[in-house]
Structure formats: C-alpha cells, structure tokens
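Below are two complexes that have subunit A in common, paired first with subunit B and then with subunit C.
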Partner chain A sequence: MNGIHDLGGMHGLGPINPEQNEPVFHEDWEKRAFGLFAATFVFTGYTVDEFRHYIEKIPPAHYLEGSYYEHWLYSFEGALIKYGHITRDELDARIAQLQSGGH
Partner chain B sequence: MAKPHAGTPEPDPAIRVRALESILTEKGLIDPKALDALVETFETKIGPRNGAKVVAKAWVDAEYKKRLLADATAAIKELGFSGLQGEDMVVVENTPDVHNLIVCTLCSCYPWPTLGLPPVWYKAAPFRARAVSEPRSVMKEFGTELPETTEVRVWDTTAELRYLVLPERPPGTEKMTEEQLAALVTRDSMIGVTKAKAP
Partner chain C sequence: MLLTPEIVPGLVATGASARVAHHVAPRFRVGDRVRVRNHNPDTHCRLPGYLRGKLGTVEQDYGVFAFPDTHAHNLGEKPQHVYSVRFTARELWGPSSPDRDTLRVDVWDDYMDLD
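Presenting the complex of A and B:
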C-alpha cells in the first residue's frame, strides 16, 4: 500500500538529531504500550503485517506528528476492535472516564 | 480501524494506553505483571551488548564469521540470541571497500534480539527518508565520513528480514581480548551510521 509511511527518498524532513545516551523508553506510558504489543499478539493472533496495516491507515498528518508508540496505539485499537475483544464505545467511555479523573 | 477523530486532537496517549490496559486486564486477556516482566527484559537484558558479542566473536573467530555471514540467524542463536523480531537475520560485512547501512523506510523494523529496541531517530521520518537517497550526508551527521572510493550499500529492512552490520575491526586491536573488543562495538556501528570505536 502506498502512503505516507513510504518515506524512502522523501525531501524536506530535516536533520536527524540523534539523542545522546537515549533511554530505552522516554515515558512510562511507552513501557505499557510496548508491553501490550507482545501481550496482544498472543491472544489476538494477528500478524506483524496486519499490525503494520493499521499503522499505515493512520491519517498522514497524525502519522508524521505522532510518536512511534502512538502509532502502535492505533494498531492495537484497530486490531482489538476488529477481533471483537473491545468495542470503540467501550474504549471511548474508558478514555472519557480516565480523562475526568476516574479510575 | 482506530477512529482518527478528524479535526479534533487525539486523547493523551498515556490515557489511551491506560484505557486499553485496564479493559484488557479486567477481561482477563492480559496480565499486567507479564507486561512488567517484558518491559524489564528489554530495559536490562536485551540490547546492543548482545550484538556486540556477536561482532567481537566474528572478529576473533574466522570460522564463526564464516557461519555468521552464511546463516546469520543460526550463528547468532549459537550465542543465545533469538526470538521476536530477529527470526530471520542477515549480517552484512563492512570492508575497506564497502560500507553497509541499515534502515527501515516503511516503519521501524530492527533486530531486537541483537540490538534491543530502536532509538527514536531510527524510527523517525528524517532518517527513514534520507538513508536511501543521501546515506553519506546521513552518516556525516553521526560524524562519519567515508572516502569517495568506498561503496555505500543501504539495506531496507522488512518485517520478515532484519539486518545487522558487521563493522570493520579497528586497527591497533590485535592484542585485545574478545571482551575488550566487544566494548568497541556500538549500536550505531551495527546500524552502520558509524564505525566501531577506536581502542
């Protein structure tokens, strides 16, 4: 599938700016997102290609602005909903609850 | 697919992760302790020190190097490194005439068992875009300048196949032990943006 993810050779994206002594994870939520990667593979049985397919469907602006583990979130959400493990409404409700300070 | 909520900002990713993890935990689909263990493994046990051991062994053991270049997956497994995102490995050798660089233009594929999780710059758009079209200028940003006569080969990693660069053994290291040599092998040198460190 052609799309924004196909970055090879694209111009105008600027310098690389490697971070010195970079930690494995920058934020705690990234650790949880990473852990979910392996955990969801186990019970959904989806493939790496499928995992990427959901990432490649991210709207281009979100794709370029979002960080790596945010891309993964789109993929988890897409796959978990497709396989019927969660529903969009269930997820949105939980997000709203957490945003309002609920636990 | 995940609804993009066109025009509105996405909820904070930290909240989205908590929402997913809490729902999946309540349903008994995941165990938060298993997630903790996985995170700890990748923070402390799996990283570029593994790849450095492979490289150092190849530098001191010609037979191992031969096996590594012929069947990298099997040779790397001899040292105990295998598994997720390293199922099919190819090692490409740097020589005075050829310098290799790895990238994943389509996403962020990377050999986890030997290098751990990739740095942010490897996954970000500028490196992925430029590595294939202007590898020398990319390497220059990492302080690496190669002679014009050196051929640069760029390998685009896929979900199925992961590359590892075997850097050149630095001069002046003839008397060093395998362990001392491994300390010269950096993550960046196994991606190919730099050479191994000088002793």
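Presenting the complex of A and C:
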C-alpha cells in the first residue's frame, strides 16, 4: 500500500542526523517492546511481512509522530487482536485504566 | 508454539529473515536492464513508490526470499529472487539531479520486467 510509511524521496522532512553514540534503547519500555516481537511471532505465527503490514496501517498522522518502538507496539496490538489473543475492547479498557493511574 | 529461550537468539540475530531455501530460477541476470512495474496494491508490498515505472540495472542477485505481497497476507511464500538494482538519480528524480549519483534498491523478481 502506498501509505505514509513510504517516505522515500519525500521533500520537506529535513536532514537525517544520526545520533552520536546512540543507545540501543532510549526508554526502558522499549526493551519490553523489543521482547514482544519474539513473543508475538511465536504466539500468532505471523510473518515479518505481516508485522510490517500492521505498521503500514497506522493512521498517517500518528505514524509520523510515533517513535520506532511505538510502531512495533501498534503492530503487536494488530496481530494479537487479529489472532484472537486479545480484543480491541480489552486493549482500549487497559489503556483507559493506565491513563487513569491504574496498574 | 511456545516461546522458549532457545528460540530467541536465532530470531533476534536474523530479524525473522524472509530468506527461504527453495531453488527457484532467477528471471534476471546481473547486468540486465529492467523496468519496474506500476505495481500499486492496497495490500502489503515492499516496492518503494518512487521506483514505479523506473528503469534500472541488476547489480547483484541476493538469492531466494519469500514474497512480501503474499507472505504478509497468509497467501504463501511465493519464493523468488531479490536483486540489488541500480537506478540513476536522474531516472528517479529528474534532470536537476547530479548526473553521477546512483541509488541501489533491493527489488523482488515480481516487481519488474526485462526492458
């Protein structure tokens, strides 16, 4: 699909400035997101291409504002919902719970 | 399938590589002039949009990989060769581009035809 992920050759996005001595992870939660790739790969049986397709389906504005591992998280959610491990309602309820200060 | 500790290192090292062991004849050889198809599905594909319709030269054959368009949608591996294809900046971005600049892109067999 020719969505916002296909940024190659697009004007106006500014220079690419690689971070000096970039750490593997910028936030602690990113370590858990990385680990979830192996877990969801095994549980759902999806392919790396299907993993990428869920990232393509991120709403365009969210895609541009989201970080690398946020994209991964969005993909895991898509796969876990598709394969019936969680429902959209369960995910939304959990997000609401966390936003209201719950654990 | 359960996630066990011995699965993890291989998965992390390869990034769940889509390379497959099938023997499939390549459709192109190094040096072939190829035209990228105007391929624009609303499903998954790994052809950068800026390559559609462009003319390039095959530089290297990487071997056989699963085809993203089918593999992403549970439609099988459709194993085929992936190549490094060289495009001139002028072919991609027009006559204002530097005339010595080139770009190499990994392109699947099914995304192109002999020119």
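Note that the second predicted complex is superposed on the first by the 103 of 103 C-alpha atoms of A that agree within 3 Å, B and C clash if a C-alpha of one lies under 4 Å from a C-alpha of the other, contacts with A are read in each partner's own complex, and residues count from 1 in each chain.
Basically, a contact is a pair of C-beta atoms (placed from the backbone, for glycine too) under 8 Å apart; a residue touches a chain by one contact, two chains touch by 3 or more.
In this text, all values refer to a predicted model and were calculated from it rather than measured experimentally.
Enquirer: Output check: A:25 vs subunit B and subunit C. Expected answer is one of first, second, both, neither. What do you get?
Expert: Touch partner of A:25: subunit B, not subunit C.
Enquirer: Given the touch rule stated above, what does A:50 touch, subunit B (first), subunit C (second), both, or neither?
Expert: second
Enquirer: A:8 in the overlay: touching subunit B, subunit C, both, or neither? Say first, second, both or neither.
Expert: In the superposed model, A:8 contacts both subunit B and subunit C.
Enquirer: Looking at the overlay, what does A:77 touch: subunit B (first), subunit C (second), both, or neither?
Expert: A:77 sits against subunit B, while subunit C stays out of touch.
Enquirer: Decide which partner touches more residues of subunit A, taking subunit B and subunit C as the two options.
Expert: More residues of subunit A are touched by B.
Enquirer: Taking the superposition as given, does A:39 touch the first partner, subunit B, the second, subunit C, both, or neither?
Expert: both
Enquirer: Check whether A:88 is in contact with subunit B, with subunit C, with both or with neither, and answer first, second, both or neither.
Expert: Once the two structures are laid over each other on A, A:88 reaches subunit B alone.
Enquirer: Touching subunit B and also subunit C: which subunit A residues?
Expert: Dual-contact residues (subunit A): 6, 8-9, 38-39, 43, 48-49, 52.
Enquirer: Residues of subunit B touching subunit A in their complex?
Expert: Against subunit A, the touching part of subunit B is residues 1-4, 6, 10-24, 27, 29-31, 34-36, 38-39, 42-43, 47, 84, 103, 105-108, 116-117, 119-121, 123-133, 138, 141-142, 156, 159-160, 188.
Enquirer: Over in the complex, which subunit C residues touch subunit A? Could you list them?
Expert: 1-3, 7-8, 11-12, 15-18, 40-46, 48-50, 66, 68, 71-74, 92-93
Enquirer: Along subunit A, where are the residues that touch subunit C in the complex?
Expert: On the subunit A side, the touching residues are 1-2, 6, 8-9, 37-39, 41-43, 45, 47-53, 56.
Enquirer: Provide the residue numbers of subunit A that touch subunit B in the complex, in ascending order.
Expert: 5-11, 13-19, 22, 24-29, 31-36, 38-40, 43, 48-49, 52, 54-55, 57-59, 62, 64, 66-70, 73-78, 80-81, 85-86, 88, 90-91, 94-95, 98-99
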